[in-house]
Each structure stands twice: as structure tokens, then as C-alpha cells.
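You will see two complexes here that share chain A, one where it goes with chain B and one where it goes with chain C.
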Partner chain A sequence: MSVLVLALLLSATPHAPQQAGSALLDPTREARVQALGKMLRCPMCQGLSIADSGSSAARAQMDRVRELVAEGKTDDEIRAYFVARYGEWALLEPPAHGVNWLVFLLPVALVLVGALVIGRLVRHSSVAQAAGAQPAPSPASADPYLDAVRAELKK
Partner chain B sequence: MLVLLAVAAAMGLLLFAFATLFGKDPHQVPFGLKDKPAPDFTLTRLDTGETVKLSALRGRPLVLNFWASWCGPCQAEHPTLARAAKHFGGEASFFGVVFEDTPEEARKFARPMEPSFPQLIDPQSRMAVDYGVTGVPETYFIDAQGIIRDKFVGPLLDMQELASRLHALQQATGPVGASR
Partner chain C sequence: MRGTLGYAFVLGGLLCAIFGAVVGIEGGLRRRPATRLWVERATTGFFLCMLGANLTMVWALVAHDFSVQYVSHVGSRSTPLVYTVVSLWSALEGSILFWGAILGVYLFAFARAQHDSRGRNVEMALGAMLGAATFFAFLIAGPANPFGPVSPVPPDGPGPNALLQNHILMVIHPPMLYCGYVGMTVPFGIAVAALLDGHLGEAWLNALRRWTLLAWTFLTVGIILGSWWAYAVLGWGGYWAWDPVENASFLPWLTATAFLHATMLQERRRVLTLWTMSLALASFALTVLGTFMTRSGIFNSVHSFTQSDIGPTFLVFLGVVVAVSIGLLAVRGPMLAPEDPLPGLASRETAILVNNLLFAALTFTILLGTVFPLVREAFFGVRVSVGAPYFNRMAIPLGIAVLFLMGVGPSLPWGRADAGTFQRQFLVPLAVGLAVLGGCLLAGLRGGAALTTFALGGFVATVTLRELFLPTFVRMREKGEKPWTSFARSAARARRRTGGYLVHLAVVLVFVAIAASQAYVQHTTGTLMPGQTLSLGGYTVRFTGLEEGADPHRRWVAARLDVTTPRGGHGTLAPRMNFYERSTDPVGSPAVASSAFDDLYLTLLAFNENGQGGSASFNMWTFPLVGWIWWSIPLFVLGALVAAWPKRRSVPVVSEGSTAAADAARGTA
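Right, the complex of A and B next:
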């Protein structure tokens, strides 16, 4: 029943009519089109590339990429075409310059800091063990409940 | 000591990242064509099949509205645009561009509305991609020299808002001959 209601609702909701994409190019150039499409962000989707999105707007952008490849434009020129319209937001991988460097440097910096902290902790504990600083557990524990359990077990 | 310094440096980097990146809407798509020449187009009218070229429209401000029949907000804003076209038609040209739709559906949408301003068919949305459209409705304001001065994302429901943008368009003076 719920499936029927959902189907009726979906059929009643206006939607963008699916249009066929432009004709594929030869395998080598089509591979370039797909690779470029994977790098470009779909403006109507959430974090999807135009090659991975099923939206009609993404299809329109893929058609444009195909057209630009067919015109003999280089990958840089095609990326520049989309950056000119949507800014660097259009690139799924931000180019390494300016504040974008943070994206590449922060993870490395955090891993290094983590490694440093772990290294210090390990060294500290091994030094303490070697010096015998760790006192042997006394048979009479400071915990009265533990003593009570031991006494019960001895009975 | 070294650990403390490293942690402080990492925290500093994080704070810098938050300070520079917070406050921006990650869903807002930047508009790179502001104050740039409007890309030329040649499209056909939905009603007459007549060809319309951007270069032939130069000399008057131009309002370009991207819409689709499947878009609810487009239906809501259309009466405002129709009134604006009637009211400001002497000062600026108004054109609608059908986005990701079929001519049949677009005609069905436009028919009940009174004939207000011409609608153009954009096959495969090539022109929309050229203009950096991110969805519908979107309305572009292009000055008499063919420079894109502004764009409004979403339904334009306020006549006053439209009037002030048109006024700004008339005030704007672009570099003559910069458009292609």
C-alpha cells in the first residue's frame, strides 16, 4: 500500500525529463571526458562529481566537457572553463596554493604530532619500567573490598 | 616541551583554518561570471521558432530568467517577472530560457500565463552551462554593453527587489567593446 502511495506521489511530482547525453567520443577521448568529469563537482548535488551524478544538470555539464574535448581543448583549458564559471569550488580536488595548502598540510602535521606524543609516552613508560620505578603489587592491597574477596577465597 | 610546541602549532593551524573557512555557506556555489562579458548565444523562441542572438540584443539592459516547467518556485515567480516585463519593457529586454525541459512541457507551462516575454529553448542546456547556471530559477542581469552585472538565485517574488536590480543595471557602465 505504502509502495503504491509512494509511486503515485512520485508520478505526480514534476521532475526534470531525462534527456539523452551527447554521443560518446572514441575510447581514448571518452576516457579523458570521464576522467575530467570525475574531477568536476556537480553544482546540484552533494559532493558528487558530474561523472557520478545522475542529475540532468550534471549530464548537461558532461555534454559540455565532451564538446570541449572534441574541440581539442586541453585538460587545463577545460578545468579553467568551469573554474571561470563556478570558481575553484568546481574542482573536487582543490589546487595546492594559498589557504588550500592547509588541506594537504594539516593531516600530515596532525599525524606527526600524534606520532611524537605516542613516542614520548612509550619512551617514558619503558624508562620507568627499566628503573624499576613501578612498585611490585603488595600482597595487602589498599583496596578493602579486594582484601575481603581474597579473604573469602582463602576460606 | 617539543610535544607542547607541536600541539600548539597544530592547534594554531586548526584555528586558522576554522577562522578562514567558517562563516561561508558550503552549499553556495560561487559565481565567477560577475562583471564578465555574457557568453554569446543563438537560441530559438518557444512560440515563433524565431532565432534570437545575444549580440543582436546589445544596446539595452537584458534580464534573462532560467526556468523549467517541473520547478515549483519558477511557477511562483513567473507572475512577478511577467508584471516586470510589462512595466519595465521599455527600459530593458526580458527573456526566459527553458532549462532541462522539453518544448512541449515548456509550452504547457507557458500557455496559461498571459504572453508576457519571449521564452527561448536551450537544447541540452548548453547555454545554461555557459552561463554557470546552478539550478532554477536563476535570473541574470546583463547591462547594455553585454556585461553580466548580477544574478539572483531562487524565485524573484519581490517586485521592488527586481526594480532595484534593474535600476542598478541602468546605472552600471561596462567597458564598451569588452563583450564577445
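Right, the complex of A and C next:
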């Protein structure tokens, strides 16, 4: 078992000697290739994208992306191509449907609820203070901290 | 022989931990300070036993005693001495043994520091910490025993994992992280004691903050060094992959950071005490979760050494920690919470609350993203990936909000802001931020996230520098002191304030460096014959030839390149591939030329020794400002040291309203 894990570990680094991959496309289309590569998972690495990994498998997939881009396929078609082959697992960001929505919505919900709680805390407190008719201490100057520094200097 | 000796130490440590935990918790519950002496003795015993066990293991490693199981797994006669010693933490069993030693040191230091304190439930705190120690001692004695015998004794071993003996950073990065992880045990113990007693006095709050700050500092350095190691060793050109284990180290850092800010609120007003204690407990629980994720092998990662059977034990311990924490918070929490009112919306207090919300949201998001694939597969049988694109999408807005708040919070007064606050505190920093933005646009830089970060960086740096140096200017003007004397004195009179702002400056550096290196990275790749060149971002490299060599533990092939930098400098770089005896695949070593502006990063992809002279393929990157991430470490450490250094006398420098609140709080405590 450990041998297998070690092999997986080390597969992130290239075998030598080997082919260096197909030639880059023109800058606009190559940028698309790289952007797509960043979204696709290298099948043998630990969560690296095929654009980041130097393994031979990842570079073969990058070449495949390059071919598909050169054939004029759209980004969605290329993603669908990889999902059809490797399953949703191939996408580094889960597609937004079904249960997957949870990973996007729960954090947003947390922030909203938290903001609501803070808002209520502050409002309640302000009302309570106003009811207590506490006279606000008027600051002697702009910065209370600097006032304290000055007061200390005078000692 | 060494195996038996080491195991005896482990058993001794286990007994001390069990005894101390039972006596401490029992004595703490019944409030019998007389038990303190015995708990302290048990702590010393645990410390000495763990030290003994670790020294025995190092001795066995250095002596190549392959009759000890762990040595037979990671030792090798051809490994250099430094990596032999370091292999103490290069695999599962050894790293848990090492964890035990650090835990011993922390507990011993805490017991010494609290030796003379009265009126605090130290026996309870130590009892809870020794409870955690019992778990780790049990792991070392049972499921992860490194001292087991080997028969027949092999003549040599395989040596440590090739990736882990490739770079000197491996010598310091793991101990730093462990010191950070293990350090969270102390705040956990204090929090448990405070909750059981039903009150958190000023002295306990102080101890809680200082020990958390210590662990936080180690964790910060450990995380940054870890990213540096990934950058310098793994050769994919990145420093942060949102790998589950990287996330695991980041989670307790986030909660500890939130906690350190929340304590400022605690000192001035009794608000959200329960929340603050939850953060201290969560930081510990998350270190346990992190270790579980790292060591149980449920994730495939650079860090999961091997499939092992310590997973269930860890899961049980994690369950106990979470159950105890929630139980204590639920049962004892209400006793801690005479809540003071909060001032208006525009106040430092509210800014700290929002800070805590943002850090909680970051923690939750990263935790969710990390465990979601496990949950999805376990309950729905579908394999999904949650990787860098998700984390970047979610974390970048939250990170930018944190950066913005770092400028807003320090500019708002404690209590209530008046009408003039905006003009007085915000106008100049905002102008600086806009000027930075304008400058960047004029320089032709584009990209929303990066430009926002730079503009906010200018805003926050201005606020921070003002807060750092205004007291100095006041002293210089009104007392006629020399600049340096004046700065030293105003810093010495407000250490935590000064330290905190130094750390804020370091954070701004890291933010700017990450934004620049992510947004303006350049990349190319090419296959070169000797004499051919490749150019990128003003750098030109000329391939001059292949070179072979051998170290005692590996062979390597390096490609030599002459480098011309954009500023006219010359140098040579030699990215290489290392071939370890017992590893079939090569491990690449990238070559990096660093400057204050950018890094040139080269990896050797492939080489071909046939033909005329042999060709080689390279990956070539330039990363603007990336080095600033690691160069921020001294500033982080300096800030933390300034803030945590024990003070001889305290000068209360707080505003009127908050002094009254603090007095009231002390009265109820």
C-alpha cells in the first residue's frame, strides 16, 4: 500500500527522458488553454490542476485541451468532454447543481446571518444606552490614545 | 535495547499523563489547590519521559539501529547526518513521538510559569492538558508505536521519503508547525479551567492571550515556511495549492487570529465572552482535526505519509474534544456572560466583531470545501473535487474584506465615533490608497482583484504607519526626544499595540505579494539545444549543457543555464532532477533567481542525452514580488515578540469610558 502511495506522491514530478508536449498556440487561444487547464484536475496528483502539474499524464491532458481548443470547441464543450471521461471529479470546482450548491451558499448564508446578529447586537445596545441617557464623553482632542500619551508625558 | 528503553520512557510518560490528568481534573473540580503539587510533578514526569523517548529515538537513528521498527522504516546508512536526525519527524510514528516531546515542553513551561499564581485553577488547566497528553502518549504506546522490535534485523533501511530530504527547509518547517499545533493545547486547558470555574479573570485572560500568541507565531512561521518549501521543492511554480493539509494548518491559524482580536474586546467590555472561549477551544479542536487529516491518510497528499490505523483513535479523541467543548460552553457558558452594551455601529468594537465574522466565515468556507468531497462521496457516492478555483473564488472576496477592515478598524475609536472621525482619520489614508490605484493604472497594470489589493494595501499601510508613529512624533515634539529613543519608549509603553501594528504591516506585505505574484505571473516553456535561448519578462536564459553528479544518497542531472536579468545582471542557474536509490521516479529541484522585484523560476522538465550535446526542456516562470511573502517572516516574529514580551510595569492607556467598563468587569470577576 505504502509503495502505491509513494508512487502516487512522486508522480507529480516528471519522468525523464520524455516528450515536452505539443507546441503552444497563439497567445489568445493559449491563454484559454491555460485557463481551462487550471480548472481541470490532474488525475494522478494531489489536487493540482493539469496546468500546474509537471507529470506526463497532466501534460498529455494539456495537449488534449490544446487540440480541442484548436478544433474550435467552446470552453463548456471541453469541460463536458473531460467530465464524460473522468466524471465530475475532473473539475476542480464542483459544478453548481444539486447538493453542490451547498458549498457556495452555506458560506454566504453564514456571512448574512452573522451580519444580522452583529447589527442587532449594536442596535439593541445603542437603544439601551440612549435609554440610560449616558452623556457621551466629549473627547478633548482628536485621538484619545494620543491624549493618554500626552497625559503620561506630563507626569 | 534502545527500543526497550524508548518504550519504557513512553509508558512512563503515559502513566504520568494519566495520573496527572485524573488528579488535576479531580482536584480542579473539587477546588483543592493542594493537589497542584502532584499535578506539577506529573507534568515534569511527562516532560522528562517524552524528552527521554525522543533522545532515545534520535540515538537509535544516528546509530543506525535497525532493530528499532521506525529506524528500519526511515533510516539509511547513506543519508546525511542532518537528514538522519530530521527523519525523527519525516514519517508518521516519529512525528507523533516528536509531538509528544513538544507537548512535554509546553506543559512543563506552563506549569513553571503558573507555579506562583494563586486563585487560578491551574490544577484544572494542567489536568485538561494532561488529558490531551494522555491521548498522544497512548497513540505512541499503541497504534503508532515507533519502538517495536524488528526481526531479523535488516542490514540497511530505505531512507526517508525522497521529497522530504530534498531541501533544508524541511529541517525547520515541520517543527515550527508542530510548535504551533501543540501550543494550542495550552489555551485549550486554560479555557476548560475557566469555563469549569464559571469565570474568566483578568490574569487567566492574559495567560490565554499570551500562550495563544506564542502558538500563533509558530503557526504563522510554519505556514509561511511550508509555502516556501512547496515553492522551492515541488517545482510546479506555486506556493499554495489549497491542499487539504495546507488548509488544515490554516484553519487553527484563522480561529487563533480571530481569538487574539476578540480578547481586545474582552479587556474593555464584557461582550461575547462565550464566543471568545469558543474560538480558543475551536483552535485546539481544529489542530486535532488537522492532524487527523494529515496523518490518517484519508486525503492523498504530500503530507499523508502512509495509510495507517491511527485514524479511528484520532476520530474518537476529536469527538471527545468537541463534545467536552460544546458541553462546557452550554453548561457553564451562561455564567460567563454578563454582557455589556456595545456602542454605535462606527466603533472599534463593531470592527472587531466584523473581523471575527470574516475570520469565522473564512474558517467555515475552507473547512466546508476541504471536507465536502469526503461527505459527498460517503453519502451520495459521487466523487467531486473542491480545489483551488473554488477556494480562490470564495476566499479572495473575504480576504479583501479583511484587508479593508485592517484599515478601518484601527481608524475607528473605541466607543462612539463622532462626526469629525471620517475627515480626521480616513481622508489621508484613502487619498493614499487612491493614489496607489492611479499609479498602478498609469503603469499599465490591470486586473480587479490585484488593483483592489494594491489600493487597499496603500490605505492600510498609511493607517498602520500613522498609528505606529504618531505617538513617537508626539513625544519628539513635546519632550524633545531623539527619534529612535522616542520610538523605543512609545513602543515599550504600548507593546501590544506596537506589536500588533508591526504584524499588520507584515500582513499587508503578504497580501500585496500574493496579489502581484498571482495576477502578473508570466510563463513559458521550451526545448533548447546547447547555445539556444529562451526569454520571458526581461529575463533571457541560455542553455549551456547538461551535467551529472552524485551525492551519497542520490544521483542528479542538472541543466546549466546562463541568465541575463532585466536589470543587466548575469548569473547561472541549474535546475535539476534527483534520482534516489530506492525511488523509481526522479524528484525535480527548481532553480530560482530571486530579487526584490520578481523571481525567475526554472524547472527541468525533460532531457535527452542523445544527439549533439543533448537537449533539455524547461518550464520558465517569472513571479513578481513573490519573495516578499517569506521576507515578511522577520516582521511577523518581531511584532509577535514585541507584543508578547513580559512587561515589567503596566501603564494603563485606555480611554475614559472603557476604563470604567474594565473596572466594572474586574469587579464582577
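Quick notes
The rule is short, and it goes like this: the second predicted complex is superposed on the first by the 114 of 155 C-alpha atoms of A that agree within 3 Å, B and C clash if a C-alpha of one lies under 4 Å from a C-alpha of the other, contacts with A are read in each partner's own complex, and residues count from 1 in each chain.
One rule holds for everything that comes next: a contact is a pair of C-beta atoms (placed from the backbone, for glycine too) under 8 Å apart; a residue touches a chain by one contact, two chains touch by 3 or more.
Every value quoted in this text rests on a predicted model; they were computed, and no experiment measured them.
With both structures placed on the common chain, the touch criterion links A:145 to chain C but leaves chain B unconnected. When the shared chain is aligned, chain B and chain C each come close enough to touch A:87.
When the two complexes are overlaid on their common chain A, residue A:31 makes contact with neither chain B nor chain C.
By the document's definition of touching, of the two partners only chain B reaches A:43; chain C does not.
Applying the stated contact rule after C-alpha superposition, one finds that A:118 touches chain C and leaves chain B untouched. Shared-chain residue A:106: touches chain B and chain C both.
By the touch criterion defined above, A:63 reaches chain B but does not reach chain C.
Greater residue coverage of chain A by touch, when chain B is weighed against chain C, goes to C. In the superposition on chain A, no contact is made by A:96 with either chain B or chain C. Counting contacts as defined above, chain A residues 14-17, 19, 87-89, 99, 102, 106, 110 meet chain B in one complex and chain C in the other. By the touch criterion stated above, chain A contacts chain C in their complex at residues 1-2, 5-21, 24, 34, 38-39, 41, 46-49, 52-54, 87-94, 99-100, 102-104, 106-107, 110-111, 114-115, 118-119, 121-122, 124-126, 128-129, 136-137, 139, 142-150, 152-153.
Per the touch definition, chain A reaches chain B in the complex via residues 14-17, 19, 22, 43-44, 56-57, 60-61, 63-64, 67, 83-89, 99, 102, 105-106, 109-110, 112-113, 116-117, 120. Within the complex, the chain B residues that touch chain A are 2-3, 6-7, 9-10, 13-14, 16-17, 20-21, 29-33, 36, 68-72, 100-102, 105, 124-126, 128-135. Here chain C touches chain A in the complex through residues 161-163, 234-238, 241-244, 271, 297, 299-302, 304, 306-307, 341-345, 350, 353-354, 357-358, 360-361, 364-365, 368-369, 372, 376, 380, 382-390, 393-394, 413-416, 418, 420, 424, 470-471, 474-475, 478-479, 490, 493, 523-527, 557, 577, 583-588, 603, 605-609, 617, 619, 651, 653-657, going by the rule given at the top.
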